[in-house]
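Here chain A shows up in two complexes: once beside chain B, once beside chain C.
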Partner chain A sequence: MEREYKLLIVDDESEILNTYKEYFAKRDFQVEVASNGIEGLEKLIHGEFDVAIVDIQMPKMNGIEMIRLARKEGVDTDMVILTGHGDRDDAVAAINLGVSAWFEKPSIEMSKLKDKVVDIAQVISLTEVERILSAIPNGEQRDRL
Partner chain B sequence: MNVYYFDANALYKFYRGQIKGEKGSLNIRRLASTSHPIQISPLTQLEYVSILMKDFRKGYLKKGDLQKLIKRLRRDVSIVGRGTARPFYAVSVPDGTYKQAESILLVHGTKFSIGSNDALHLAFVKKYSASTPITIVTSDQSMIYICKEIDVIHYDPENASP
Partner chain C sequence: MDSKDTLRMQIEELKEQGRYSEAAELLIQFQKEYPDDVWGFYEFATITIRHLNKARYGEARIAIELALKLDPDSLNLKRLLFDTLVWMKGEEPNVDEMFNELVDKLYGKDNLRLLYTYASFLSRSKRHEQEEQIYLEILRKSPNEYGAQLGLARCYSVRDAELAGKYYENLWNGLQQSDPGKRRKHRLIDIALRYSGFLRKQNRIADAYTLLNEAESVLKTQTVDLIFEKAVVLVKMGNHSEAYELLKKINIKRPKDRLVLNQMGVCLWAMGKLDEALEVYKRELEIDPNSPYGWTGIGITLSEMGKHQEAREIFLKVQNEFPDYATKFGIQERFRELEQKIVDQQIELEEAKKFSYLGKMASAVAHEINQPVGIIRAATSAGLSDLDEEKFQFENVKPLLERIWTQTERLNAIINNFRRFARGDRTQREIVDINELIARTINTFEVQFTQRNIALETNLNRSDDKPLRVWANPYQLEEVLINLMTNAREAVEDKETAKVWVRTNRRKDGKIEMIVEDNGSGIVEEYRDQMFVPFVSTKSSEKGTGLGLHISRRIIDEFGGRLYYQDREGGGARFTVELPALDSERNNKNGTRVQTTNRG
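After this line comes the complex of A and B, so read on.
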């Protein structure tokens, strides 16, 4: 990873929170957790996270509602959601809110989840940025800056 | 700890990396990869995005790449005090910055070739330096001359080592 990314995990199951937190922290992520949508929303608004992993089914406020309110507050953190098996309605609602990816909770492979989170957090690698910008003629840049 | 300020030129060089025959980019990367906090202003971000837009209009950038480059910038910029590992942090415009920029233009614009944006960058740094010394990163000779005149610390990446 180019740097330490800041990750929020929102889930009402403490076992999942602890497992995910430990997994990502060991892989150089800066991890915070929230155990419901209200707490998650508060942290999203004030925490400047690169990515949030959000469970859909939660008491108090579900994941979709939390993301909707976060977007309304101007939070542009990328979201990865965890859905129940075959829960297509949730997935469609999430896509409409600009969610970056979703995983079905019962069959998550942690390495795939981690790779996806890194991809999303990075947006585009610095090497790729360099490749794109260095293709622009040198004189052009001198004229503009 | 030294605090550095990037204008759009420095920011662009950071992202473009080392180009053969061009000085300065490597030093800029070194600055941003150390523990020095790199400060940028809303003007820096705006100018950088404007440059990318111009590249797009001229056909040098594809739409998808343009979107990714802008999103990457947003992802790299932190807001002061939130404790992330983002390489840049944004500062807001202090009161009186535009007035100060106008003064810089009026006093130095007759001798040195500077534009309004250059004057604004200098005014930002001058304002912020009142509480904590800030070093502006620039290789523009007119800016460097004015820095000396108005007691702003500068770092020229093309002619120095960090």
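After this line comes the complex of A and C, so read on.
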């Protein structure tokens, strides 16, 4: 791995947080956790994360709501969501908010989750692409596109 | 002028003015004062028979018989008695005898009148062969007698439909060729109506339709009666919308015509406009509350609307009050079908009921097991990856197993809770602590609220330190709570600041309340009456069976309580379950059913 990715895990189940955190920490991720949507939103706004893994089912503020507010605040961190088994409606709502991937908790495979997270983290974000493109002179840009 | 003449004058005057019942009163006075004067009895009988209620025919008959004692040979009196006996519609052995006596003594018009009266007696006694002979007799004496021609046609239609058909046809064609005149037109209309009615009864609907069109072109005018006949024919032809348009026009001219309303009901019913049909039948019954047609129409419409219980009541009424019509309309058969439907619906209801509470519980359980299964899955998957990637150390084993152990314990509890609910005995009652029951239920269902960002606030009253205990079946009570909570949740699902409250309370009168409220949009006025009726639901069919509130109310009724709706202050719905507190309940119920053993 070229660099240490910064990862935020948001879930109200402490056992989920512990298990996921241990797994990713062992694989050289920098992991932070939040145990509800409000705390998660706070951390997303003030920290720089490559990827956030967000549970949908949470009290106080659920995952969808948290992602929506984060986007409103200009947070462009890539998101992976966790749902219960067959909660397809939640997944659709999340994907409409520009979520990169979704996993069902009861059938999760940690290695696949990790691969996806790495995959997403390596992709340069859209804003970064725009920044690079704007640095290239106009004519050349046209030729390339 | 003596007082007798004065009284007579008074009576004549009242007669002139059409004040017949007053005249009859004075005539009774006259009879008392002058019992030897035939005039008093004769006049009284004539007025009574010609102008007054049928209920007074008996009085008329007595008057005539008294008069006959004074003047035994009076032909007029004998004729009057004959008329009276016929109009009284009783079984009178004297009628034949009197006819034979009178027929030879009366001539001309009087003779014809007697023959007609006798024919109507024979008709009512269903002695149609003799009736037929009388009409032939009239026609022999006066070949153009229209009444006798019609009478003959009616007799033929009883005896020989083919003959009657030909006879009507002859009458119809003959009349068309007869000399023009006012009577001709009236008779053409009359015969067209009768002929069409005959054809309808013979099920020759197309012929009736052709005849009426012919009548229209011959007469060049329309009468309300002919339009109505056409509408009836159209109904028989199954052309209900065209018939309905005609009937609507007639109804404007004759708003009080029961038959028109009835046919309108039939059309609306056939066009599937059941609500409107019901309205029209109700209007028919306003005009004649004893119309078996109207009641039957309502019964059939209700049955088609799926309101089986209500339809059953109506059919029972028709069977009891109009047994002849019940046979004619095949009500008995409809009733049997309906009973079967009610039984089927009951079975369906029971099935759906079972499905309803198990379904709700199952979906709650499915959600709840996501968490522990997700944790076990993640922990084992992480452990396996660690092993593969040689990141696993021996000291990792114990915390991993402990993690799994804890989650299986959690799964066990969830499954036990479901089994307890699904298999629970729903027949026995026991002491139930309402607050404990709510806490337990909310434990299972909370997830469904938090997941959807719905705030769930519980406020369980413990102020007086006495537990809120009721005498009920805990599983059924739990079912009611689940129903109310599910309804509340679904009512606020798309709202931004959605909130549901569950509260309990001991009221001053000792009753115990369990209240479920939400800040949704509440229940609209017109739906309030219906919401406790089975299979009525405002929700999409995938969400609701329309049974929840019906079942809940039945359960609470059985526990001697009440379940009712109110608007929540500040907007939203509020459902209150009101139950007798255990102490008062014990006094009310028979002691043997009380049991204190814990069945939990």
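In this section, the second predicted complex is superposed on the first by the 123 of 145 C-alpha atoms of A that agree within 3 Å, B and C clash if a C-alpha of one lies under 4 Å from a C-alpha of the other, contacts with A are read in each partner's own complex, and residues count from 1 in each chain.
Keep in mind that, in the parts below, contacts are C-beta pairs under 8 Å (C-beta built on N, C-alpha and C of every residue); 3 or more make two chains touch, one makes a residue touch a chain.
Predicted model, so just to flag it, every value in this text is computed and none were measured.
After overlaying the two complexes on the shared chain, residue contacts for A:57 are found with chain C alone; chain B is out of touch. When the shared chain is aligned, chain B comes close enough to touch A:47, but chain C does not. Using the contact criterion defined above for the overlaid structures, shared-chain residue A:73 touches neither chain B nor chain C, since it reaches no partner.
In the superposition on chain A, A:106 makes contact with chain C only, while chain B stays out of contact range. Shared contact residues of chain A with chain B and chain C: none. Contacts from chain A toward chain B in the complex involve residues 3-6, 30, 46-48, 50, 76, 121-124, 126, 129-130, 132-138, 140-141, 144-145. Put simply, chain A touches chain C in their complex at residues 13, 15-16, 18-20, 22-23, 26-27, 56-59, 61-62, 64-65, 82, 84-86, 90, 105-111, 114. Contact residues on chain C toward chain A in their complex (touch as defined above): 366-367, 369-371, 373-375, 377-379, 381-382, 385-386, 391, 403, 406-407, 447, 450-453. Residue ranges on chain B touching chain A, taken from their complex, read 8-9, 12, 15-17, 19, 21-22, 51, 54-55, 58, 60-61, 65, 68-69, 71-72, 74-75, 78-79, 82, 84-87.
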